[in-house]
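Chains here go by letter, A, B, C, D and E, matching the order in which they are written, and residues are numbered from 1 within each.
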Amino acid sequence: MYEVIAFYLFAALTIAMFTIVVMSKNALYAMSALAGGMIFISGFFFLLDAEFLGVVQIVVYSGAIMALYAFGMMFFDTTRDVSEKMRSKKIAYTLFVLSAILMVVILSAPLVSSSVQANFPIVEHVGNVQMIGLVLFTKYLIPFELAAIMLLVAMIAGIVLASKKMDEHLNIEDEEIGNVKESR
Amino acid sequence: MENYLYTALFSPLVSSLFVAVFAARPKMLFTGIVASLLIAVSMICSFVLLVDVNTYGPLHVTMMDWITAGNLEIPFGFVVDEVSVIMMVTVTLVSTIVHIYSIGYMDHDKSFNRFFSYLSAFVFSMMILVMSDNFVGLFIGWEGVGLCSWLLIGFWYHKHSASWAANEAFIMNRIADLGMLMGLFLIYWNVGSFQYDDVFAAAPELPVSIVVTIGIFLFIGAMGKSAQFPLHTWLADAMEGPTPVSALIHAATMVTAGVYLVIRAGELYSLIPHVGFAIASLGAFVAVFAASMALVNNDLKRIIAYSTLSQLGYMFVAAGLGAYWIALFHLMTHAFFKSLLFLGAGNVMHAMHDELNIKKMGGLYGSMKATAILMSVASVALAGIYPFAGFFSKDKILEVAFNEGAYGLWLALFIGAGLTAFYSFRLVMLVFFGEKEHVKYGIHPHDAQPFVIYALLPLGLLAIIAGFFEPMFEAFVTRLVSEYHIHIPHATEYLLIAATLGIALSGIGFAVYKYKRGGFSKSLEDKACYRLLSNQYYIPKLYECYIMRPFTVLSKFVWQKIDMKVVDFTVDIIAKCIYASGQEARKIQSGNLSDMLRWMIVGMLVLLAFAIVYSAMM
Amino acid sequence: MIGLTHYLVLTGILFSIGLVGVMRRTNLLMLFFSTEILLNAVNIGFVAVSKFYGDLSGQMFAFFIIAVAASEVAVGLGLLILWYKRNGSVDLNSLQMMKG
Amino acid sequence: MLEPISIDIAGLNLQALLPMAILTIGALALICVDLAVKGLNRSFLTMITILFIVLDFGAVIGYKGDVRGFFDVLLIDGISLIAQVIILVASALFLPLSMSHRHFREFKMAEFYALFMFMIVGFQCMVTSDNLILIFIGLETSSLALYTLIALHNRAKAFEAAIKYFTMGALAAGFYGMSALIFYALTGSVEIHQIEQVLQERHFEPLVGVLAATIFMVAALGFKLSLVPSHTWTPDVYEGSSAPLAGYMSIVPKIAGFVVAMRLFEMLVASGVVWLEYVLYAAVVLTMTLANITALVQEDVKRMLAFSSISHAGSMMAAILIGTTQANTALFVYWIFFLFTNLGAFTMLWIVRHRENLWDERYQHPYTKFSGLVKIMPMTATIMGIFMFALAGMPPFSVFWGKLYLISAAINSDYIWLAVVIALNSAVAVYYYMKLVVYMFLHEPVTIDARLYATNASTSLKVIVGFAAIVTIFSIAFVEPLLQVITHYVASSGF
Amino acid sequence: MEHILSLLVFFPAMAGLLGFLVVKESIRAYGICVSAIEFVLSLILWMVFDTSNPGYQFVEFFPFVPSYGMNYYLGVDGISLFLIILSTFITMIALIGLSIEKEIKNLVITVLFLEMTMVGVFVILDVVWFYAFWELSLIPMLYIIGAWGSANRMYAAIKFFLYTFSGSVLMLVGILYMGYLYHDATGIWSFALPDWYALQVPFDAQLWLFGAFFVGFAIKVPMFPFHTWLPYAHGQAPTIGSVILAAVLLKMGSYGFVRFSLPLFPDASVYFLIPVAIICIIMVIYAAMIAYAQEDMKQVIAYSSISHMGIVILGTFAMNGEGITGSIFLMLSHGIVSGALFMLVGVIYDRRHTKMMKDFGGLASVMPNFATIYGIMLMASVGLPLTVGFVGEFLSLAGFYRINWVMTLLAGTGIILGAVYMLVLYKKSFFGEVVHVENKTLKDLNAKELSALIPLVALVAILGIYPKPILTTIDASVEKMLVLMDQKALQDKTKELLMKANTIGGNH
């Protein structure tokens, strides 16, 4: 019973939060709502016995990602209201309703099979973290390593893109162009 | 004898090519002389061959293969038999005289050399036409004379009317040639050969319907070349060419090629007498039709041209009714007196400084006696007065018509004879006698150079005496073509002759009587029937209004409206549509990120919707 | 009881919200928020299915999706900063130099 | 409690990791070297990178191990090897374009090369796996690196391109996740071969789920492959990025995407669900046609080439739709030839690049720029013309043979109308390629200053162009060996 | 003599490459030499050609892509032999008569490459390679029209290129489908034409394939209603382009019909015989009417080409030795005559920079030699006996007469209408008084032009008088092809028609 209440509560909250994210005119509200939504989602994870993911969700999303966004927002000075020029509100809402119906119809279909053998079965009485660790460092070692590379790429990218180097927007090529210019 | 044959055939070609070398140069007398000599050589050879054929029978040579493809084999083969040798003799004889005459006639023309080149080329083509031993060979000559006719009618190409007439002649002939080609194809696919011998041998075996079709198609060809109704208009216009040309091509030789074809294919036509009768009927019609136009015309050469047309009609009557030798005989005699008539007219023209309106002449007898006499002789022969050549041949044709029981035809020819006599002497009277109208125009006519007159003498002689060769001729020619026997009682025959002579004489008499007294009153010219005749039954106008102009308009329409506006436009519109759709599609590429994302999402949503509908249906 | 379908429907609704956000946002930063919503929605679904099957692959997928989301934010913000430094705007309508 | 797990190292098939490992090490080493030594020359960086790529290439070519590796996450089958070869060759050929006459900031940065290598690693992972997770991570790694590389060109347009690319990529990642989720829900697995197995057991029921998963995947991969309607980024991104990178983008990410699409879609098309076939059919026809007609009206050569590459990708998608061995072989043959031709074409654009937009305010390579080029630089114009005709599918130049084999594959599988559509599209396409030829050969030159057209030419660029031209012209000589090898590999991996 | 065909194909291309090293001043002489050598080579080919052997000779075979059946496969038979010689001859003549100064080096090299593709099309026996040469020939032509043409040249060049390219891509689909059928039947991939000849194609497939090939060929020929590119191309092309286009490139299409459509798809050819014949008749009459309406001398000749090609195709579809041999001969003769006519128009265009007939008049008196040669060519075009034009036209029409006499009659109106527009053209430009002052001082043909034109005149006469050696050689191969068609025919109707078309007599 308490699971039902929790689910509907979290569901209502997440939907509300994300609706704010999408609809709000104020970036700050949107970001706060997003952070809230993320946390509520971690609630689902706990509900679903995926404690590790729940933690990661809070740490990574609410911690790292939202912090990044917050920095970004400070940088962009987007505390003022943004004006979204929607060409037609009706179309937007129609699309929303339509897409929601489509998604719900599809996902509410009896997708799951009853005869599927789990590849990595959750063993009773073993902690979720333990299990995840086991799978992650055997089967998913390669993706894990690649994810590491991906994060490295993201890091390098972030550094390079945001670095001072990119501000010298005139590149070397442009400095050398002088003589060509004269000859024309 | 083969050497004579080849000499007769190729010496005109040599002449033509030799003279052609100097074509672009100013006048060189020797070109005319050389050409005349070479044609004369051809003539001599032809006469030798005549004797030879008479003695030893026909001569047949195959020079080389020409076309071979599939089952088809066409050689360059030549046959000199009784018919072709008569044609050769006639052609070369008249040609020689015309060549000599032309030396005088073209004296002052800057394209003197070119003229002889063309003229000799014509003789060569004509020789090929008559000597070939197969239909395609004949067709070569057929087209060759057409080409030379085009060149010569349009000889004075700076004159618009000349080049127009040349084109008209060529195109009219082409129309008929198409018919002839069809006939040839039909022959080929039924016989498998174009050789006269093979075709005639196979003809009796063929279904009558096919022979009829062949006969009709070949006659269509003949109609063009011999200017039979309705393809006759070119002949009168062809008088734009130099007068020797009119004499040679448009009177004596080329135009009779159609008759020659019918005679040559006599063995075919004798299988299908009803077609022959149709030919004869058309001939009789043309005989009167053309004569009627000659009655009122004032153009010296056109009158003679119409008379030629009329005489061709006579020949077709004979040929159509199966009297081939008579047709050929009339062809020959006609060649003599008609070319004489033309050449005489040429003298008159020269004297009158190219004035052709006979109403503006008159009384020329005083200044050009020789010409006047020669032309009168020719006119008498044309009118068919005993003992001139025309009498023998023409009268025979009337007899043939009567003999066949075709009294309608006979009557037509009978009337035609009367008309012929009248217009011939109308011409003679208006030109040589009566008031000297030309004085008003300040022209002082003088006769042609003596050698020109001498050159005409043989023709004058032949116009008088040729008729007496009739029995010999009949015996000679009927060795090849079918004989023709006239079964009319002698009394009737004499009556007919008398009647014909009578109408001819009365025609002459009427003309002389009338024009001695100044001709008809002017009021006649306003009469409807006069205008009908002088406008050539409005046929040229008809052609112009209902064929040429519509064709031009239609062509322009087809080009500008259909080809440009429909066919080409369709192609362009396809290209433009694709291009325009590109411009439209470009709008997708608005560059706005939001739009891009929307495209992506909406595209996916649409697919999803379809997926749901589809799976609901399944 | 709350079944798998509940979770999946929730996933669907959240995903739709994300899609709408992607379609209507013109502020690039907030557009990025919407893409985060998309990924989060998917995550819920993965974990739910994982629970249903008693299989860990779903959780793994969700885990990696979180990693991807984190990387994307880094790169995305980097790009955005660059753009902002150059143009002083994070409005998507300013990105219209190239079209056609 | 959990049982301890013992893992047999030999069973892991570590060799399978070698190619990716080499480049990863290379990238890390490069960064370290850069930290230690400042101001490394671009030629050094380029050559080192190429060396690593060559090493990688050797590892790929010399691979003798099992098809499966590392807990079956890696799948090194024939198409994976071919795709890796194509990726590596393309990378090795496009990279030296950094050594242009003029110096560009990004090519002086070691990070550029590191990211480049990481990107290749990502692509390699994409093609050597049938695990949706690894594919996803590989995809993202390469994409993120690619976005950065584009932005490193450091022009406003480059940023715009990168942001557009990035944003759409993020959306596509969402779609990818959704698709994977539905597949997972349907089958309880994220590995393509297992998905296939389970779906077959379930007879592709519930249909709506299968269809939805496929559509999300079409949308996600369609973005990578620039299928309509997810193609809109392509021209903008190509225009914004530097010519070498644009050319690279037209080849490598797509071949990686194609391999994934082959693994996934061919199974689905073969399922007998007609509708899936229709969806792909529509996507193929739309992609080819729309891209072609839009390319018709382009004024910029680079944008035109972008649309042309969309259209080519459309015909490649046709190969996946057909799905026979011949079609898959055709895909690779086509792409290899396309690689060389596009390499040539983009290098040409790189050579004639001028700093200022002298010919048009908006475009860098408008058609008018090439007016009368034959009178200024006959050789350049001729070679460019050959590339254009090759792209248009003119025999006997390279792309023609691929197109020939592809159309043949379509015909052999009774896709006659598809073949006709491809053929007609190439007839439409010839117009815009020819437009450039017309400008180069038939128009009068606007300037006679040849230097304007060679400001960026350098020996290495010329060598690359020459190489590409030779391959393009004498492509017929490579057809047979390519067909042999590729058919063998494709057939051996069961496609 | 083993590799004479390869030599023939690639010699001009090699020479073209080397031509880049020749200086501009002597490039014309170089081009003439190369094309003359090539012409001599083709004559040698004729000399060593065994006329008694109707099959392929000098066969060269090199498997290029064996796994897909594409080979380098050359061979020549009676059908292609003279088209090769025509190509080399016309190229030589065109180069001799070349009067362009601008960018002449590029032009000569382009023409040499074009020569390679032309010869290639006619000698190649592998269909994919045939397609390759077929398409390649477009590129040099595009350049020639587009770079040296008159004002509207771009439009004309692009139209020419796109139109022909679009048609041929459909042909490509047909080719590949045919390859598929062959593979289906034999299990082997092959694109070798002789292999394909051995294959009996199912009737339905024949119809489709015939259609696919037809589009490609019909656009090239060009047949109504796909002809509209031709007037533009000719109208804008420089003289050398028009000459080669009319003389050789158009023949590729008609050659395709003989080489591919008939022997590969005998049943479909018979099935579509009447529709094709109707198109031919429309071409003949329609194009002749349009030609009559033209004001531009060159356009008249351009449209006359369409008209004549109608008869060529009609002859091809006569399905008998007379018709097909005739149509191939007509291709040759039309090549010579239209080439010469375009060259003549080029002569006057060089002098007056106009092609409008109204700007001329009375040229016969100013330029007598020019007028004479023009007249000869005109008569050959009209199909006067003893000129080259007659033989082919006569045979083609004669051949088709067996199929349907009414249609032959209609097509035969071409000889009337041909005379109409040609004579009107001649009258307007050459006859009459010299109206325009500029025309009074025109120079007659110079030595260069004469040396280009006199060989053509000579050929017109020689081949008109003695076409036999050519005809018999062609005929042998054609007969062989007809036997093949008969053997391959699936339907009784086809066999009956072939039987009927090839026998004399009997009822029809």
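Basically, a contact is a pair of C-beta atoms (placed from the backbone, for glycine too) under 8 Å apart; a residue touches a chain by one contact, two chains touch by 3 or more.
These figures come from a predicted structure and were not determined experimentally.
**Student:** Determine the set of chains touching chain A that also touch chain E.
**Tutor:** Per touch definition, common to chain A and chain E: B, D.
**Student:** Busiest chain-chain interface by contact pairs, anyone?
**Tutor:** Chain pair with the maximum contact count: A-C.
**Student:** With centres defined by CA atoms only, which chain is the most remote from chain E?
**Tutor:** In terms of C-alpha centroids, the chain at the greatest distance from chain E is A.
**Student:** In terms of CA centres, which chain lies closest to the overall middle?
**Tutor:** So the chain nearest the centre of the shown protein is E.
**Student:** So which chain is farthest from chain B, going by the mean of the CA atoms in each chain?
**Tutor:** A
**Student:** If you average the Cα atoms of chain C and of chain D to get two centres, how far apart are those centres in Å?
**Tutor:** Inter-chain centre distance comes to 26 Å.
**Student:** Taking each chain's centre as its mean C-alpha position, how far apart are chain D and chain E in Å?
**Tutor:** Measuring from centre to centre gives 44 Å for this pair.
**Student:** Averaging over Cα atoms per chain, report the distance between chain B and chain C in Å.
**Tutor:** Roughly 95 Å, centre to centre.
**Student:** Would you mind pulling out the distance in Å between where the CA atoms of chain C average out and where those of chain E do?
**Tutor:** The separation of the two C-alpha centroids amounts to 65 Å.
**Student:** Name the residues of chain B that each touch 2 or more other chains.
**Tutor:** Each of 586, 589, 591, 593, 597, 601-602, 608, 611-612 in chain B touches at least two other chains.
**Student:** Residues touching two or more other chains, restricted to chain E: which are they?
**Tutor:** Those would be 162.
**Student:** What residues in chain D touch two or more of the other chains?
**Tutor:** Residues 133, 137, 140, 144, 147-148, 151, 163-164, 167, 171, 185, 188-189, 206, 208, 212, 235-236 of chain D each touch two or more of the other chains.
**Student:** Among the chains present, which pairs are found to touch?
**Tutor:** A-B, A-C, A-D, B-C, B-D, B-E, C-D, D-E
**Student:** What does chain C use to touch chain D in their complex?
**Tutor:** 4, 8, 11, 15, 18, 22, 28, 31-32, 35, 38-39, 42-43, 45-46, 49, 53, 55, 57-58, 60-61, 64-65, 67-68, 71-72, 75-76, 78-80, 82-83, 86-87, 95, 97-100
**Student:** List the residues on chain B that touch chain A in their complex, please.
**Tutor:** 601-602, 605, 608-609, 611-612
**Student:** Could you please specify the touching residues of chain E with respect to chain D in the complex?
**Tutor:** These residues of chain E touch chain D: 64-68, 70, 103, 106, 128-129, 131-132, 135-136, 139, 142-143, 146-147, 153-154, 157-158, 161-162, 165-166, 169-170, 172-173, 176-177, 179-180, 183.
**Student:** Please output the residues of chain D touching chain C within their complex, sorted ascending.
**Tutor:** 132-133, 136-137, 140, 144, 147-148, 151, 156-157, 159-164, 166-167, 170-171, 173-174, 177-178, 180-181, 184-185, 188-190, 235-236, 239-240, 298-299, 303
**Student:** Any idea which chain C residues touch chain B in the complex?
**Tutor:** Going by the criterion above, the answer is residues 19, 22-26, 92-93, 95-100.
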